[in-house]
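So, here's a batch of structures to check.
Below, chain A partners chain B and then partners chain C, in two separate complexes.
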Partner chain A sequence: MRHFILGALALIFLAGCATPPPEPGSAASKVVVMGKFKGIAVGAIRVARENGFLTAKVQLSNITSSNQMMYYRFAWLGADGFPVGDEETWKVLNLYANQATFLPAIANLPQAADFRLEVKTP
Partner chain B sequence: MFARFSFLAVIAALASGCANTSPVIGGKNISYGDTKAVELVTNEFGSTDLQMIAESMTRSLAQSGILQGRPVVQVYDVKNKTSEYIDTREITTSIKTQLMKTGTARFASDNTDMQSQVDQLKLQNQSGLYKKSTVSKTGNMVAAKYRLEGSISSIVKRSADYKDVFYKFSLQLVDVESGLAEWMDEKEIRKTTER
Partner chain C sequence: MRLWIGIIGLLCTFGAWAAPKIAVTDLAYEARVEEYIHAVSASNNFQASAYNASGASSYSEFESRSSYIEQGELRKFSGDIKGEILKSRQFQLVQGTPYTSEAKGDVYDVIKRIKAGHFKGADYVLFGTLSDIDFTRDINALDHTSSYSAVLGLSVVADFSLINTRTYEITSAFTAMGEGQDTKLVSSRDVRVNLNRPRVVREVSKALGEDVARQLQEQLGGGYQEPGQPALRNNLPRDEAPKILR
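Moving on, here comes the complex of A and B:
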């Protein structure tokens, strides 16, 4: 009985420590960290459709007191959740110490209905 | 009989074990890389610059809303005003390809394709080699509503410690009839090497 209670308590503690998956549609669900991503925080994301193309603006903040560089690219997805068109090229973004900026993007094709932002720091 | 069969089986097993199952020949110092990776080998104009320019210009133009009803566009070569050799035709080819994929524009034969187009029309209409019902008639080519032209320039600065290259790519869409520039955009790229 004692073992059972201890086991149950351990399970409760472990469940409490586990990181919950990001909610669908939330900003966190749109960001895919490729390996390491340190010193930069992803904030609000604004998505709109302008002249038939999906556009996105992603807020990025350097949360350190030194300049940071990151690599990023957008992956555009169709209504079925699968990629549309070719992959984007990786790009470099430099952020000064404590700088906050908005990363603008336009979809590659009118069929794009959603996106993922792939990010990585060196 | 059994001994001979066993011997053959062992030989077959050994031979199949030694067979190369990898679909690679050679390749000690050669590898295939990501074509979309950021290329920082030198600070001259590179693949990432070409891809970034084409991506940025195409999307800006496609999303601008100016290309309503899939107008016909004539693409002119990008003028290279830098001190480097840059195959600017590859920039326009990438822009054309990506715009074509968006379905927002159609393209008239540009100055390099035009000679082949004229030659083919002449061959079909003047040689007498082809069945008349299959011959493409002259006088039906579609004229461009817009022309797309651009330039790339650079500013290069060197010191004992740094080499800084600043590229500026400009592209404009001009209405052929009115001569008005209906859309313009530019992409700036700075590359610095610390020696």
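Moving on, here comes the complex of A and C:
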């Protein structure tokens, strides 16, 4: 009985410690991890509208001491939160050990008002 | 109780949504009217008989030149201004009291007119004054033909201020122009050419109304752009300053 109560308490405690959903408008809220994403950290994101088109630059850094490969694509969303234009294809990015880089992107349509960066590692 | 709170809330919402009321004045103008009077009277009287003769002649001349300033409102061009304002759906229109010849005050003293209650119920007054009005009538020869083109043109320039009736704050001010013309090809056999004057007036009125609505829109929001920034040459959204998301 005692073990059961302790177990239940531990479960409740762990549930409280679960990572909260990212704050809206933060960099984490723009990144969607599809399945596995290990060894690479997403940093700050610069968002601007330049010449009428939404542009984004995403800071990525390899936090391991081995080379990493990741797949990514941008999903451009309109003001209503629904996608605009066609889906992009998945692209490959290689990051050397401890390398930090910026991933630039330009929306394919001027109607894009928001975006999501979909990432995964093999 | 809840019902009442709901009703009051709804009323507040409607109150906040109601578009501000605007009164549009006719274009105020001031013209100098000159009078010139020249009266001459002369009489001559001469009598003669065998013994005497008498004669009298009189001559009088009266000359007077007087000029006075006439103030009034030009009522021809405000219809389309009102129409375009209604189309923009930013304002509700209220009819103000027109300035007539019996009115005592100065037509340009808009504050006195607001205080006198000429624009009752209006939150704003779009006060327009006529800057210049010019009819032009030209006949130009066309090269290598025996025809002429007869042109009747009218240009009207008016100065507008949108005045808050409570604070007398000028919310926007601009000069708007309306132009219109009627052209006819004329040959030397045409005896008399009548150009379509009403159509020119209508065109001018429409152009003036559109110019007023465009400039109001520019200054009150919507398509407003800062003077320093280059004009948009396409339909792309305006650039935004970069934001760093963390």
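Details
By definition in this document, the second predicted complex is superposed on the first by the 108 of 122 C-alpha atoms of A that agree within 3 Å, B and C clash if a C-alpha of one lies under 4 Å from a C-alpha of the other, contacts with A are read in each partner's own complex, and residues count from 1 in each chain.
By our rule, contacts are C-beta pairs under 8 Å (C-beta built on N, C-alpha and C of every residue); 3 or more make two chains touch, one makes a residue touch a chain.
Computed from a prediction, not measured in an experiment: that's the story for all the values here.
Once the two complexes are overlaid through chain A, chain B and chain C fit side by side, free of any clash as defined at the top of the document. Once the two complexes are overlaid on the shared chain, A:E88 sits against chain B while remaining clear of chain C.
In the superposition on chain A, A:R73 contacts chain B only, with no contact to chain C. Within the superposed three-chain model, A:P110 lies in touch with chain B and with chain C [touch as defined at top]. In the superposition on chain A, A:A27 contacts chain C only, with no contact to chain B. By the touch criterion stated above, A:E50 is placed in contact with chain B and with chain C alike. After superposing the two complexes on chain A, the closest approach between C-alpha atoms of chain B and chain C comes to 6 Å. Residues 50-53, 110 of chain A contact both chain B in one complex and chain C in the other. Residues of chain A that touch chain B in their complex: 50-53, 55, 71, 73, 85, 87-92, 106-110.
Put simply, chain B touches chain A in their complex at residues 34, 36-38, 48, 51-52, 55, 59-60, 62-65, 98, 101-103. For chain C in complex with chain A, the residues that touch the partner chain are 234, 236-246. Within the complex formed with chain C, the chain A residues making contact are 25-27, 29-30, 43-53, 110.
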